[in-house]
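The following pair of complexes shares a single chain, chain A, combined with chain B in the former and chain C in the latter.
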Partner chain A sequence: MIPARFRGLYRPAFLVVLALVLASIPLWAPRFWIYIATQALIFAIFAMSLDLLVGYAGLPSFGHAAFYGVGAYACALLALGHIDGLVPLLLAGMLGAGAVALPIGALSLRTSGIYFLMLTLAFAQMLWGLAVNWTSLTRGTDGLIGIPRPTLPWLDSLKVSLYERGPFFFLCLVIAIAVFVLLETVARSPFGRTLEGIRENDRRMRALGFPTFRYRLAAFVLAAMVAGIAGSLAAMSNGFATPDLLYWTVSGLALIAVVVGGSRSLVGPALGAFVVLFAQLGLSTYVDRWELLLGALFIAFVLFLPRGLAGLVRRA
Partner chain B sequence: MDVLNLAHGSFYMIGAYTAYTVVLATQNFWLALLVAPILLALLGAALEVVFFRRLYRHGHLPQVLMTFGFTLVFVDLIRSRFGPTTRAIPPPPGLGGAVHLANATFSSYSLFVLGIAIVIAALLVIGWRLTRLGVVLRAGVADKEMAGLLGIDLPRTFTFTFAFGAALAGLAGVIAAPEFAIYPGMDANVLILALVVVVIGGLGSIEGALLGAAVIGLGYVIGATFFPQFAIGLIFALMAAVLIFRPSGLLGRRS
Partner chain C sequence: MTGLTVRFGAVAALDGIDLEVASGERRGLIGPNGAGKTTLLNVIAGELRPAHGSVRLGNSDATALSPWKRARLGLGRTFQRSTLFGQLTVADHVALAVRARVRGSWRFWPGGQRLVAEEVGQRLEAAALAHLARRRAANIGHGEQRMLELELALAAAPSVLLLDEPMAGLSGAERQGVLNRLRTLPGQVTVVIVEHDLDAVFAIAERIAVLDHGVKIADGTPAAVRADPRVQEAYLGAF
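So, the complex of A and B:
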C-alpha cells in the first residue's frame, strides 16, 4: 500500500509521465504515427476547451466545431495572405473564433439545458452552411488549400523547419501543455469556482451578487478562443481548411471525447481525444464500415461507462 | 417527451430510402406510404425499449451522445446499402402534373403534400389537446413521479410516443422523397431545420412547432428567392430575433 500522504501526488506524477511519454513519440514512432499523434494532440486541445464548457460551466455545447472551423479559416486566410509568424496566425484563429463566439454565446446563453444544446448545434450548422455557400471567401466545399506553415527565425538558425513532422509535433505538444496549464489555472481560480457555483445553482449565485450571464459568456468565449487555437493548428497541420471542420459530427466527436475521457478533469478529455482519434483511424484502416463500428462503440460507452475513463479511476 | 433524439433525422432518411426501395420494386408509392411508418414505428419502439429507456434518468447529455452514435450507424448502413450517390423517385401517378389555381400554377404533388400536412397537423393538435394519450403524455413530461403515482403506465406511454414520432418522421421522409433528393446526409439537414423550428416555436408545444415551421419555411423561400447564397443567414437572423424577444420560443412556456 502506498501511504495516504502520497495520494495528492498521483495526478501530478501521472501528468509528468504522460508528458514524457508523449514527448518521446517522435523518437521511436513510425512517421505515419507521428502525424496521427499530432492530429490527436490538436484534437485534445479542442476537447479540453470543450471540457471547460461541459464539465466546469455545465454548458453542453453541441456546436463547438464552429469555433474550431472559424479558427482554421481565420488562420488559413491570414497565412494565404502572406502573413508569416506563429504568433499572428495563432492569434488570428483565437480572435476570429472569439469574435464569432461572442454573439452566438450571447444569444444561446439566453436559454439553458437542452435548448442551449440545440441552439449551439443549429448555429454551428448555419456557419457550416455559410462556409459551403460563401464561395468568394471560403472557396466552398473545395476549401482553402496550400496553407503554408509559419517559419520561426530561431528555428531557422538551427536548420529546423516546421514542415518536418518531429518539430511540428513538438510545437503542438508545447501548445497543448500550455493550454492545459491555462485551463487548469482558470478552473482553480475564483473565476472557475464561480462557474462551478453557477453550474450547481444559478439562482443562488445571482442572489450572492454574481452576474451569472456574464460569467457564462466569458467561459463560452474563452472556450471558443482555445478551440480557435486548435483550429489554427489543424489548418497548419493539414495545409487546408474545408467546411468539414465545422460539420456537426466534429462537435459530436469532441463531446464523445469529453464524455469518454470523463468531464471536469481536462486530462480525461485529452485522453478521450486520443481514444476517439485512434479508434476512428484504427477502424478506418482495417474495416470498410468503420463509421458504423465507431457509432456502436460510442453507444456502448454511454451505456456501460456513463462517467468515462476518469470515472473508473475515481471509483477505484 | 423531453428527450432529445438526434437520430430523428435518421428516421426521416430511412423513410425516404424505404420509399425509394418500395417504389423501385413495386412502382407503388402508396404502398411505401404505408410500409415506411410501420417499419419506423417498429424500429423506434425497439430502440426505445432496448437503449433509450435506460438513459432518461441520466439527463440530456448521454441521450444526445447515444443518439449521435446511432446517426453514425444509420448513415453508414444506408451508405453501405445504397452508396453515396443521390437518388430520386418520380411523384406518384396522377400527381405528376400541374394545377392552375387563381392565376398561378402549382405542381399537383406540392398541393398533395400541403393537404397531407394539414391533415396530420390537425390530427396532432387534436390528439395532443383532446385525447387521453395527449393528457397522459403532457402529465408525464410535466411531472414523471406524480404521473406514475396516479397509476399511469409511463414506460408504455413513452415507448408508444417514441414509436409514433419515428413513424411520423418516416412518413415525412416518404412524402419528401419525390420532391427532394435522397442521399446519405439528408438526415443532418432536416435535423437542423427541425431543431430550429422547434426552438422558434417553443419546446413542448405542437402548435408552436407548426408556427415555427411556417416561419422558417417562408423565411427560407424568401431568402432563397432574393439572396440565394445567404438563405441560411435569414433563418439565422429570424432565430436570433425570436431568441432576443422570446427566449423560450414563440409559444413556449416561460421557464
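So, the complex of A and C:
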C-alpha cells in the first residue's frame, strides 16, 4: 500500500514514464512501427481534442473528423502553394478548422444530446461530399498528393530532415505533449470548470448568469482548432489529403478512442488512440477483420471498464 | 431596484397576476399545490415567457431578456428540486457562482484565483459546508444539497432572490439552519420565497401573496392574510 500523500503523484509520474517510453520508440522499434506510432500520436492529438468536447463539455460530437479533414486540406493547399515552414502550415490547419467550426457549432449547438450528435454528423458528411465534389480545389477522390513536409532551418543545420521517420516522430511527440499541456491547462482553468458546470446542468448555469451557448461554442471552436493541428500533421505525415479524412468512420474511431481510453482524462483518449491505431494499422497486417476485433474490444471496455484505460490507472 | 411587476393575460397557469415587490422586501408566496407559484417564479426568472404582461427588474424591462441576462441584472434563484452539478465538488459549485458575479470565467489557465478561493472558503464556512468542500455534490446528503442549492444562489450576491421551497424535505434542525442563513442576507436584498412550510414563511416574510388556480387571491401583511376568509377557504382550514 502506497501512502496517501503520494497518491497525487500517480498521474504526473505515469505521464513522465509514458513520455519517456514514447520518446524511446525510434531507438528500438522497427521502421514500420515507428510509422504506426507516428500516426497514433497524430490520432492521439485528435482524440484529446474530442475529449474536450465529449468529456469536459459533455458535447457528443459525431462529426469531429470534419475539422481533422479541413485542417489537413488547409495545410495541404498551403504546402502545395509553396509555403514552407512548420508554424504557417500548422496555423493554416488550426485557423481553417476553427473558421469552419464557428458556423457549424453555432447551428449544431442550438440542440443537444442525440440531436447534436446527428447534426454534427450531418455537417461532417456534407463537408465530406464537398471534398469529393469540389474537384477544382480538392481533386475529388484522388485527393491532394505530393504534400511536402516543412523544412526547419535549425534542423537543416544539423543535417536532419523531417522526411526521416525519427525526426518526424519526435516533432509529432513534441506537438502532442504541447497539446496535452494546453488542453490540461484549459480543463483546469475557470473556463474549463464553467464547461463542466454546463455539462452537469445547463439550466442552473444560465440561472447563475452564464451565457452557456457562448462557452459551448468557444469549446467547440477550440476543439476544432486542435483537431486542425492533428489534420495538418496527418497531411504532412501521409503526403496526401483525401476525402477519407473527413469520413464519418474517422469520427467514430476517435469516439472509440475516447471511450476506450476513458473520457475526461485527456491522457486516456490519447492511449485509446494508440489502441485504435494499432488495431487499424498493426492488426490489419495480420488479420483481415480488424474492425471485428476492435468492435469486440470496444464492447468489452464499455461493459467492464466504463472509465476506460484511465480508470485502470486511477484504480492502481 | 425599485421592485418588480408581473402581468399576465391568457396563461392558464397564471391568470392576470400583478405582483409588485419593493426593494429590500421579504415577500412570501404561498398557495395550494398547482396554484402556479413555481410557474410564477419561472416567469420572473425568464425560463417561461408570459403570453401577456411584463416583468420589470428595478428600472429595466426584463420581459424579453433570457435567464442569464436577468441573472446579470442581479436576479438569483434556487430550485424546488436541487439543481446542482453532480460531478463537481461543493467548493467548485460556490466558485462557479462567485466567478459568475466577478465575470472571471473567460480565463483559459488556472491560478490567480486567490480572492475567489478565499470567498469560497468564507461562504462554505457560513453555510456549514466547509467540511464537505472536496466532496462531489452527488455524494452529499439531501439536507446538505439543499444548503448548497441555497449557497449557490447566495454566492452570486443577487439583489433579488427567488427561493423555491428551500425547506423541502428538511428536518427541523436543517430548517433552522436555512432560516439562520437567510437572516444573514443584507437588508437591501429583495427576497421572494415560495414555501409550503408556513411557519418558515411567516418567520421571514413581511408581506405574503396567496395564489390559487393561477389567480392572486390575497396580498398583504401576514396577519391580514391569515385572517382572509378566501385564503382560509383555499387552504381548507390549514391555518
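Note that in this section the second predicted complex is superposed on the first by the 307 of 316 C-alpha atoms of A that agree within 3 Å, B and C clash if a C-alpha of one lies under 4 Å from a C-alpha of the other, contacts with A are read in each partner's own complex, and residues count from 1 in each chain.
One rule holds for everything that comes next: a residue touches a chain if its C-beta (ideal position, glycine included) is under 8 Å from a C-beta of that chain, and two chains touch if they have at least 3 such contacts.
Keep in mind it's a predicted model, so treat the numbers as computed, not measured.
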item: Chain B versus chain C as contact partner of A:298, first or second or both or neither; value: first
item: Partner chain in contact with A:185 - chain B first, chain C second, else both or neither; value: second
item: Partner chain in contact with A:196 - chain B first, chain C second, else both or neither; value: second
item: Which of chain B and chain C A:232 touches, first, second, both or neither; value: neither
item: Chain A residues touched - chain C or chain B, whichever exceeds; value: B
item: Chain B versus chain C as contact partner of A:209, first or second or both or neither; value: second
item: Chain A residues contacted in one complex by chain B, in the other by chain C; value: none
item: Partner chain C, residues of chain A touching it in the complex; value: 185-186, 188-194, 196-197, 200-201, 203-212, 215
item: Of chain A, residues touching chain B in the complex; value: 54, 60, 62, 103, 107-108, 110-115, 117-119, 121-123, 125-126, 129-130, 133-135, 247-249, 252, 255-256, 259, 288-292, 294-299, 301-303, 306
item: Residues on chain C engaged by chain A in the complex (per definition of touch); value: 45, 47, 66-68, 71-72, 76-77, 79, 83-88, 92, 95-97, 99-101, 104-110, 113, 152, 156
item: Footprint of chain A on chain B - complex, ascending; value: 2, 4, 51, 54-55, 58, 60-62, 64-66, 68-73, 75-77, 79-80, 188, 192, 195-196, 198-199, 203, 229-230, 232-233, 235-236, 239-240, 243-244, 247-248, 255
